[in-house]
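A short worksheet on the structure shown next.
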Amino acid sequence: MQKRIMWINPVGSTGFDQPVQELLETAKQRDTCIDVVSLSKGPSHLTYMYYEAYVLNELLDLILRAEEEDYDAAVIGCFYDVGLWEAREITDRLVVTAPCESSLHLAATLGKRIAIMVGENKWIPKMSDNVLTYGFREPVVSFKSVNLGVHDFQKDPQETRNRLTQLAKEAVEKEMAEVIILGCTAQFGFYKVLQEKLGVPVLEAVMTPVKYAEYLIELRNLFGWNHSKAYAYKSPPKEEIALWKPKD
Amino acid sequence: MQKRIMWINPVGSTGFDQPVQELLETAKQRDTCIDVVSLSKGPSHLTYMYYEAYVLNELLDLILRAEEEDYDAAVIGCFYDVGLWEAREITDRLVVTAPCESSLHLAATLGKRIAIMVGENKWIPKMSDNVLTYGFREPVVSFKSVNLGVHDFQKDPQETRNRLTQLAKEAVEKEMAEVIILGCTAQFGFYKVLQEKLGVPVLEAVMTPVKYAEYLIELRNLFGWNHSKAYAYKSPPKEEIALWKPKD
Amino acid sequence: MQKRIMWINPVGSTGFDQPVQELLETAKQRDTCIDVVSLSKGPSHLTYMYYEAYVLNELLDLILRAEEEDYDAAVIGCFYDVGLWEAREITDRLVVTAPCESSLHLAATLGKRIAIMVGENKWIPKMSDNVLTYGFREPVVSFKSVNLGVHDFQKDPQETRNRLTQLAKEAVEKEMAEVIILGCTAQFGFYKVLQEKLGVPVLEAVMTPVKYAEYLIELRNLFGWNHSKAYAYKSPPKEEIALWKPKD
Amino acid sequence: MQKRIMWINPVGSTGFDQPVQELLETAKQRDTCIDVVSLSKGPSHLTYMYYEAYVLNELLDLILRAEEEDYDAAVIGCFYDVGLWEAREITDRLVVTAPCESSLHLAATLGKRIAIMVGENKWIPKMSDNVLTYGFREPVVSFKSVNLGVHDFQKDPQETRNRLTQLAKEAVEKEMAEVIILGCTAQFGFYKVLQEKLGVPVLEAVMTPVKYAEYLIELRNLFGWNHSKAYAYKSPPKEEIALWKPKD
Amino acid sequence: MQKRIMWINPVGSTGFDQPVQELLETAKQRDTCIDVVSLSKGPSHLTYMYYEAYVLNELLDLILRAEEEDYDAAVIGCFYDVGLWEAREITDRLVVTAPCESSLHLAATLGKRIAIMVGENKWIPKMSDNVLTYGFREPVVSFKSVNLGVHDFQKDPQETRNRLTQLAKEAVEKEMAEVIILGCTAQFGFYKVLQEKLGVPVLEAVMTPVKYAEYLIELRNLFGWNHSKAYAYKSPPKEEIALWKPKD
Amino acid sequence: MQKRIMWINPVGSTGFDQPVQELLETAKQRDTCIDVVSLSKGPSHLTYMYYEAYVLNELLDLILRAEEEDYDAAVIGCFYDVGLWEAREITDRLVVTAPCESSLHLAATLGKRIAIMVGENKWIPKMSDNVLTYGFREPVVSFKSVNLGVHDFQKDPQETRNRLTQLAKEAVEKEMAEVIILGCTAQFGFYKVLQEKLGVPVLEAVMTPVKYAEYLIELRNLFGWNHSKAYAYKSPPKEEIALWKPKD
């Protein structure tokens, strides 16, 4: 049974689209079909909450489109998990996943203490709040920042790898982290190098939400299990939206 | 020294503007000047996270305008505190407050156990997450829902009052709440009736963020204390925004 | 790629083996092969910690056999998740899952507040400790007991269903549970009836660990992600075991 | 409308009275009238819990006098907030504030992570307990001790400043503190120097409780909001006190 | 080896002295010698924090006397544990115990969920703070109030017993309490009746601190283990006290 | 009144039996009679959870025997407290104690912040889970590992002492630990040396459970207080056990 997944890069640039597509082709199930899309406008990274806020509307329009076009799942391609809850609220059948949440559930299954590698200290307060509301405050033992902006990651790839390696090693040895999550996507595939070097699972946050989506789609199809519409994700009435929302 | 405050009703209807203005005129300091504004479009209430997401952009544009026009503070007039953190991130000098956060700090000073009255159960998960990230999970001993949508509050005012009275009484007697926060604004002024009936402080969430704003403005002016720009509220560079943000 | 899973009923009776096998045949992936086994001796239920302790050795011997016989995963078929951590400790490649842990990760993805239905109050303290150490103390808002022993579930199936329905309804309405986990397996398939009646996901704890195992096997095969051997699950040296463990 | 505030230095020496009075004159509102008083006997600092216990009676007598003499508020001038709850218990109309509580509410509004500078390690356990019961355990990320007794602060002012600067810098950079609270009053006015150097708000705990008192007095006068008398601060009956308390 | 224990009723009436003495004679070890003392003045109960504050000085003087007169331990006879930490701070060798702390350690050893019976709701906020700072917030599942003041307990003994019985039963059945602590001392000996009726341990808070004191004295004598003087209980220098404290 | 205590070394070697016996002779009460036993087979240490699981059955058989042979208490001689809860479940009258639980209650009475010294990092996750379920997550401020296996402790006794001394010093000075627990038994008696050097209580985990057992036996005998059989420790019916358990 085919699984159609829309991966949304919630930024106004297409630079990540092709590399993400290529990476996911190697990771997806045979019957899965992944479409990578990005936004028509907006910043090229989401370091600031203001940037997140800016992209939210077009992102949610894409989510609505994904449901209309019968996608099985949408994946929000940003470690802030921007719009994850809103997306679950406005859809009925669509599975929605995001990197941070899906990585945390997996990491907590693989080990008891988790460290998250991020780009800049600025990311940490928002991500900490996410970790807290997801319920993973206890197992997340540290955030480690490489002090590089999203677009600096590729400038000196070797330096980036060195910093990640050193910080992850420190997390494992000093803070007894048992699982590492790469909250910032350095070079695709680097997770494997690090994983072998450190001897602990290193989760690449591009794959985790897609595989989690495949898993959740299967459960939905088999057992009818999907995001609960009881309270948090209860949908607004479509008729009410029609009354106030301008037609595009 | 004059304090200029912009109160933003983050909804696409002007219905609340005049009553809020009138109420605040009775509550503000003599030198405070309050301008109540609302949005040019959008829903008339924010029950759903999708609605919040929708209004966020125009709301933040207003916040930016408030800073440009030398307002001292902006108040976000919704108990979800929508956009509070984003607003603090994109401004340098502006004080930004919102009903839930300001009510909680005050309530925790007035008593040890707090109950929050809301309109519908649907509001509770999002507000609980706010309470959690604000750090008030412990003192907030219950949310109580009157099971009325925002626009049902005025339909049968007496019934609304009855329900609020009964639930607040229950919170005080059974859950030992010492302070009540009206998370939903029933009839302005009703807080006083309830307060006298129950013998505990009943906080009206229209006044709390405005008075907190006046207080914070004074501290900023005297001592230079304002929202820290170190990490969580670190601003995006204006030049970077200019590169991607369409001119209106 | 074939997935071989050993389902272990950690009890000294074969009564559950066939029904579980039949149920799982309808739930598994096409390429998955499931072998249901039980123990050679021991109690027919694990209500008591002493019973859990009793079966632990043979259970772990089965886990070791599963690894030796190249199973991809072992599932421990008891909602106490008996031996889950020990099993991960003594294996290198085997994925190990169990009902409570796998249901909780799924449930927390589907909603923010979780209720767990159990058979007897006696189960709750041990399960609460598990919930606590798994890190789900916050989202689990209640345990509800039908007050029936494991073997009483089938005595009056209608009464069992009635009690479950009433308690789950109460959890949804009074405690705002958004997801129900059936910690006790009433009649297979009943989850679907309840799910439709309540309108929230009702997780059947027989399927959850098997589907989670399939998911984890796939991740292990693709990315090398498996239980971390750094600290908690660090294996004892086989040579050392040989020194003290009697040959069977 | 005039606000009359009694600042109580709960020590048996008058050494702090004049400097505090002078400092507060520069910080208070125009209509506020501040009287600084200290005790007739007792230690000159409250490092030890025993010292706190000793001054409690006279302190509470002053609180009672403040209420009788129609003060609007009393401020307890010690970062241990000694007697804060007792003071609220025995008064009906008086607003009572103290340095630690008022600084924490403000700090949590200005940033998400707070560091508190103290004089000696000995202070930390008691202050930690206060932080815990106030509900700020999460946002307070560290206590930092300069290892100086209350009366050593003035011995080598430059050394004191150096230590404070270094520890505060460390808190901001290593523990990502966004707001600093000076739990020990070094040299009045030094907060401003530090604030400019570090670029984060540095709260001076002499001003915070007075400004908070002014704010609370205004709320009380306008809306009748004051310390709840429901449970924690329920007053003892005056007639009962008369039965056992010796007349002075 | 003889153990000398001073039991302090921290009230200005001698009414409890003899019954406590008689009760403890039946509970103490053979070599233990217990002296029951009360204060020279002050209220006859400590329901209010103000009353606690009032008795603190004379209570601590008694503690100092106990150390001087070579008592092995002092027990503070009030379930608020008034002055417990101060008492440990000012002594070097003396063991100091109190009802709430000692009952909680014992109760947490006997079962996982604890309910505390109190006289009035007014007691609960202060006791909750104690429970929190002692670290027992999790296992204490409820406080139950019989709604009787300290001196009403004896007015209608049967009614008191009835209420206690009903509330304790409710705690065991509804909140799954496994251990009951009588935070209010009804009729000495009633714990046994209740214990038999409910089938769970019912701790009488008069015996618990005395037996804990005997235990701690023995540990101190054998191994030198006593209250740590490192930080929280570090003593003020006697010479410094002499400088400010009036001679009696 | 005589107290009969069975100390169980839950390992398949007798090497610890005599030294433990000798040590306890110096620590026990005059009327206490201690029998030290170990297992007929199994590993000589319990570093791994698998080893714990292995010994559990014979350990619990010994517990049952202790109850049958009218011992007053059984002590489980391993800092993992292996089988503590199971042991309490299957007995009615027997007091059961273990090193970690008994040390924690004592330590929390002696100071507010506790550090635990362990042999290897591998021990920490399991012990952390115990600390969490016992409710001591807050006061335990650190685990410190000397990086020595159980049987390496005696290889270079001086090196072991040096490491312990250095780590304990660090815990006291940097993490403000007020009490040290020796989770690994180095050289019996070394606790005293360390205690004198550091000036804080250093708890030796061989003595703590025995003394706690003596204390609990006395309470049981006097007041009928013993492990609650209400829920967590509710015993399995002996007749049911007889149905499935093979006779030895």
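As written, the chain order gives the labels A, B, C, D, E and F, with residue 1 at the start of each chain.
To be clear about the criterion, a contact is a pair of C-beta atoms (placed from the backbone, for glycine too) under 8 Å apart; a residue touches a chain by one contact, two chains touch by 3 or more.
Predicted model, so just to flag it, every value in this text is computed and none were measured.
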item: Count of contact steps on the shortest path from chain C to chain D; value: 2
item: Option reproducing the contacts of A-C, where over half of them reappear, out of A-B, E-F or D-F; value: E-F
item: Superposition of chain A upon chain E: rotation angle, C-alpha, nearest 5 degrees; value: 180
item: Centre-of-Cα separation between chain D and chain B, whole angstrom; value: 28
item: Whole-Å gap separating chain A and chain F, where each centre is the average of the chain's CA atoms; value: 45
item: Sites on chain B at which at least two other chains make contact; value: 112-113, 121, 124-125, 176, 178, 231-232
item: Pairwise touch network: line, ring, star, complete, or other; value: other
item: Full enumeration of touching chain pairs; value: A-B, A-C, A-D, A-F, B-C, B-D, B-E, C-E, C-F, D-E, D-F, E-F
item: Interfacial residue positions of chain B with respect to chain A in the complex; value: 12, 41-44, 47-54, 56-57, 60, 83, 85-86, 89-90, 121-122, 124-126, 129, 132-133, 231-232, 234-236, 240-241, 244-246
item: Chain F - residues contacting chain A, complex; value: 121, 124-125, 128
item: Contact set on chain A toward chain F in their complex; value: 112-113, 176, 178
item: In the complex, chain C residues that touch chain A; value: 27, 29, 101, 105-106, 108-113, 134-136, 138-139, 172, 176-179, 191-192, 195, 199-201, 203-204, 207, 211-212, 215-216, 218-219, 222-233
